[in-house]
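Shared chain: chain A. Partners: chain B in the first complex, chain C in the second.
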Partner chain A sequence: MLMKPFLDMQFGERIITLMAALVLVLQIAVVAQRWIVTHIRIFAIQSFLLAMIAATIAWFNHAPHIYIAAGMTLVVKVILVPIFLERLVVRMEIREEIKPIINVPLSVMISGGLTLLGYVVAESFFKPDEPGLGHNELAVAISLFLIGFFTMINRRKALTQVLALLSLENGLFLAAISLTYGMPLIVELGILFDVLVAAMVLGILVYRIRETFESMDVSLLRRLRG
Partner chain B sequence: MLLLALLLIPVATAAASYFARRRAEMERANLVGFGIVALVAVALAAQVLARGTVSLANGFFYADALSALVILLTALVAVVCATYSIGYLRDDEQSGELGDDATGKEQLAQLRMYYTLTPLFVFSMMFVAVANNLGVMWAAIEATTLVSVFLVTFYGKVTSLEAAWKYAIIGGVGLSMALFGTLVAYYAGHKLAGSDALAGLNWSVLAQHAAQLDPTSMRLAFVLILMGYGTKAGLAPMHTWKPDAYSEAPVPSAAILSTALLNCALYGLIRFYILTSRCLGAEYPSHLLLLFGLLSMGISVPFILVQKNLRRLLAYSTIEHGGIMVAALGLGGPLGTLGLMLHMTFHTIAKTLIFLCAGNVQQHFKTDLFSEIKGSVIRVMPLTGVIFFMAMLAVIGMPPFSIFQSEFIIVRAAVDGGHLLTGVLIVLFGTGVFAGALMHVSGMILGAKGDTPVAPRRPWCDGSLLALAAALVIIGFWVPAPLLELIRGAAKVVSGQ
Partner chain C sequence: MSGQIVTRIVESFAQLFLLVALAPLVTGVIRTLKARLQTRRGPSIFQPYRDLYKLFRKGMVIPETASWIFAATPWIAFFSTILAGLMIPMVAADAPLGLFGGVLAVIYLLGLGRFFLALSGLDTGSSFGGIGSSREMTISALAEPAMMLAIFTVAIGAGSTGLTEIAGAAIGQTWRFLAPAQMFAFAALALVLIAETGRIPVDNPATHLELTMIHEAMILEYSGPYLALVEWAASIKQLVLMTLLINCFWPVGLQPLWFGFGALIGIVWLLAKLLLLSCAIVLIETVNAKMRLFRVPELLAVAFTLGSLALVSTFLF
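Our next item is the complex of A and B:
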């Protein structure tokens, strides 16, 4: 009897919606906080939730190949990339807070607006008569994507931009899961490999920028014009 | 087998260079590796001409005339640049550009990085062209950025870090949009009968069933892909990384970025264009492509007219040519696509040549600025000067050089297809670029006599220049029949007729 809810699809969908909502809350928390280490940890938790969503879908749909994608996400985006980035932060001895261009309360409001926009866009994909996840997940995915863009514009520090880029990718992962239960496995692996390499390449680049300019402020990068 | 060889040989070359202990070994590995790749590319082209399509591993790798053309051009650029970079990097090493470590270790590490990353760069571009699965193709295009970032930072200057940062971040954002587009396209096709998990994104399968794809999703997918791969191709207004990256990377890498990589990005766009036009009709993608194409051409004109830096001028010229090719794709039809493929071929040859000439000039005069290049190039370095001038005329579309022919075909496609305004604008922007580029470059090449000493001969650099210049002159008058057939085949893949 104890197993019964774990076989019921409805129950599964509710868990997934809950986790997707948490992912969204975390994304807005990113906008609200000011420390780079917190940002990295939030990214790790977010990725962990995404891996759990993927695993839940694999469980309720009996699709073993999604487990592999979930496991790889866990290894790459929850363990390897955050560890690499945190080490980078330690090595670069970043202690200062990040000052966003737009102040925090307004940023949070803008993120709320972007979430609304995400729901509007997701509406057009929602077909009630078809199997597939509800449009909640897709709306969250699109909101992640949009808020990721916003973070990128709003915080002109090199490492935050890298993290924003990674959260764009998280949004896409969620979109893929909610639209089609994930991309084909080979594509998923290709994407994760690229994410890992991209985090390293960009991390090294950030390190060298910090060494050269003694700052991570990308608005200092303006020598090349015309 | 040929498809696999195209991927494995560059990887083997990279490994050989990485473990090599002396400069000569790295040079040899690159030269031999890319030489074999070029031969394989020719063999593949022959096979595609004979059989139509080649596929391997259950359709995971797939090549038709379009892929074969892109592969052939990539291989050509790679082998020419490998030859050129031997001379170029030796010169850099002597002049202390690679560091001034007396033991030579620092320089060797730099060389190792260059000779390892370049084959990997070529590997990722080959992967783009042979991947059937659109998701895998996306991963390969992303890989081209990741591999080439450290080629842009090669000289480790403040400005090269800035260029690399722009290149990586703008490219990364663009490609995340392209991934979104790929995902939406997958959604558009995932309910097709008989599409299992993997075949669901195989282009050859999707192209056959394009008419049954979900039209609303394909509409969104195409816009996202156009923004995404358009960023990678450097279409305006997402072009800002281009002049920076081209002016900071070592010249042979800049040449590859500006020709082979442009082709690869356009290749990704073309694959999606085919799906979209078969699903929604040609009109919808065509309007968008014409808009971005003409915008890119238009934006490059003022920047070329007031340009002070030689390599940035070439970058804006590449943006203009990218715009022409996208506009040609937008015009579509048998004539527009033929113009596109011819233009891609001719532009690849002419632009590689002109970049290599610019490299010779830059290394001798130690600057990229027109105002600093004192003394006429043609007196100081006669061979480079003559070839440079010729390549310049070719790039800006002077007859009898071949780019004139392809541009003429594209304008004719515009007029025939009723896009009179597009035709007029292409001619107008072309004239602007013509005037600007000719003014700057002819002033530099033919200007007053200065006191710069005459340049020594550089067999590796000059040899590759001569060979490519010969190719440019020959295709101006006569395109070999098999190559023309391949170009026609590629055009047919796009237009479907």
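Our next item is the complex of A and C:
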């Protein structure tokens, strides 16, 4: 009797939609955020929620291979990448605030607009008679993707751009898992490995940019250095 | 028909008593909890009552430059807030004065009180009062659209802007809270609650530095019974907004009618929910530092975006 709601697909869909909405809220919170350490932690929480979404999908669809994807997400994006990035922040002694190019209230509004765009785009993919998760998750995924892009454009410092790229990748993960109930495991593993390597390579690159230019501001990269 | 009118009147007085008596207690509980969380002993939870009692017995100093607005404002603020409080469902889903207006009336009655407080801040000609009024109006101008959008989201779900219907619709569906639209609206309204009641990331209710004050700067010139009225009105407004938030989004224990044993259960539930919300407010206040005034629009922009997402997603989901 107690287990009954945990077998009901309707209930599962509700929970997944709720978590997807939370992921979206966190993405908008990232846009309004000024401290890089908080940014990294929000990314970690967002990834954790994604892993939970994956686990919920695995539970309700009896697809054990998605558990592995969820576990890998947990290890890589919730634990390894944030720890690595936080150590980088400590090592580079970043203390100043993030200064976005467009001011924060306007950025938040633009993110809201991009979410709308995400919903409009997702609406066209939606077919009510086909099985599979609703268009909500796809809409959230497209919004994550768009807001991630916007954040990358909106930030000057290389490290925050890396973070934006990572949350953009979160959007891709959500789209994949909600549309197809998980890609083949080998693809999933490849993507996660890619993310890990990309984060590390970019981290090292950021460090080198700072060593050479004494700043992480990418707009300085236009000048040549001998 | 006349029997119905009588029950309405009885309900109104019961809710009036509850509002007026409970509001200082909520303020006191929040203060004490906050002190405990900062490992201070803190005042007793009944301290606001004692403060009010003391203020009512004291003499008043009225600035020479003050006009009739200065004297009228405490009364207008107090009674408009109480009237707004009678239009919201507290113990029963049926708001006593619900037939006189829905949620828009509540918002604008609160707005009326705020408008007169801002006027009285300007009225005495003190520069701190002017700063306070200007800041309060800036914040409320930004908070109001977010609040409207959040409330409209709930109203669309219920098919009416009447709070009785909204609370009634909320009672019907148990898992409604899990809908993303409801959650966005809840988050937006919670941010607005913090801004409107002058809680810490926006305003510091315990500050003694005039330059950082918002609400306190506006009422700096008040003393004695007038100050008591204004502070009482502020705590009632806080209670009204908190009740609105919990009863629109989390109507557990809300009774269909005011009568008998049910009302008692309703009151117990209301107190429990208020305590829970107070704990959340205390946590937010303790872990956050006060924002610079120029950062407040960022917080309210987030509230506005959440509110508009909520409204839009009711149509899309």
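The criterion applied here is as follows: the second predicted complex is superposed on the first by the 223 of 226 C-alpha atoms of A that agree within 3 Å, B and C clash if a C-alpha of one lies under 4 Å from a C-alpha of the other, contacts with A are read in each partner's own complex, and residues count from 1 in each chain.
Rule of thumb we're sticking to: contacts are C-beta pairs under 8 Å (C-beta built on N, C-alpha and C of every residue); 3 or more make two chains touch, one makes a residue touch a chain.
These figures come from a predicted structure and were not determined experimentally.
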### Task
Superpose on chain A as described above, then tell me if chain B and chain C fit or clash.
fit
### Task
Please work out whether A:32 is in contact with chain B alone, chain C alone, both, or neither, and reply first, second, both or neither.
second
### Task
Determine, under the contact definition given at the top, whether A:123 touches first (chain B), second (chain C), both, or neither.
second
### Task
Name the chain, either chain B or chain C, that contacts more residues of chain A.
B
### Task
Identify the partner contact of A:14: answer first if only chain B is touched, second if only chain C is, both if each is, neither if none is.
second
### Query
So after superposition, what is the minimum Cα distance from chain B to chain C, given in Å?
21
### Query
For chain C, which residues are in contact with chain A within the complex?
175, 178-180, 183-184, 187, 297-302, 304-306, 308-309, 312-313, 316-317
### Message
List the residues on chain A that touch chain C in their complex, please.
### Response
11, 14-15, 17-18, 20-22, 24-25, 28-29, 32, 104-106, 108-109, 111-112, 115-116, 119, 123, 134, 136, 139
### Summary
Per the touch rule, the chain B residues reaching chain A in their complex are 133, 135-136, 138-140, 142-143, 146, 149-150, 153, 156, 158-159, 161-166, 168-169, 172-173, 176, 179-180, 183-184, 186-187, 190, 197-198, 200-201, 216-217, 243-244, 247-248, 303, 306-309, 312
### Task
Would you pull the chain A residues touching chain B in the complex into a rising list?
65, 124-125, 145, 149, 152, 158, 161, 165, 168-169, 172, 175-176, 179-180, 183-187, 190-191, 193-194, 197-198, 201-202, 205, 208-209, 212-213, 218, 221-224, 226
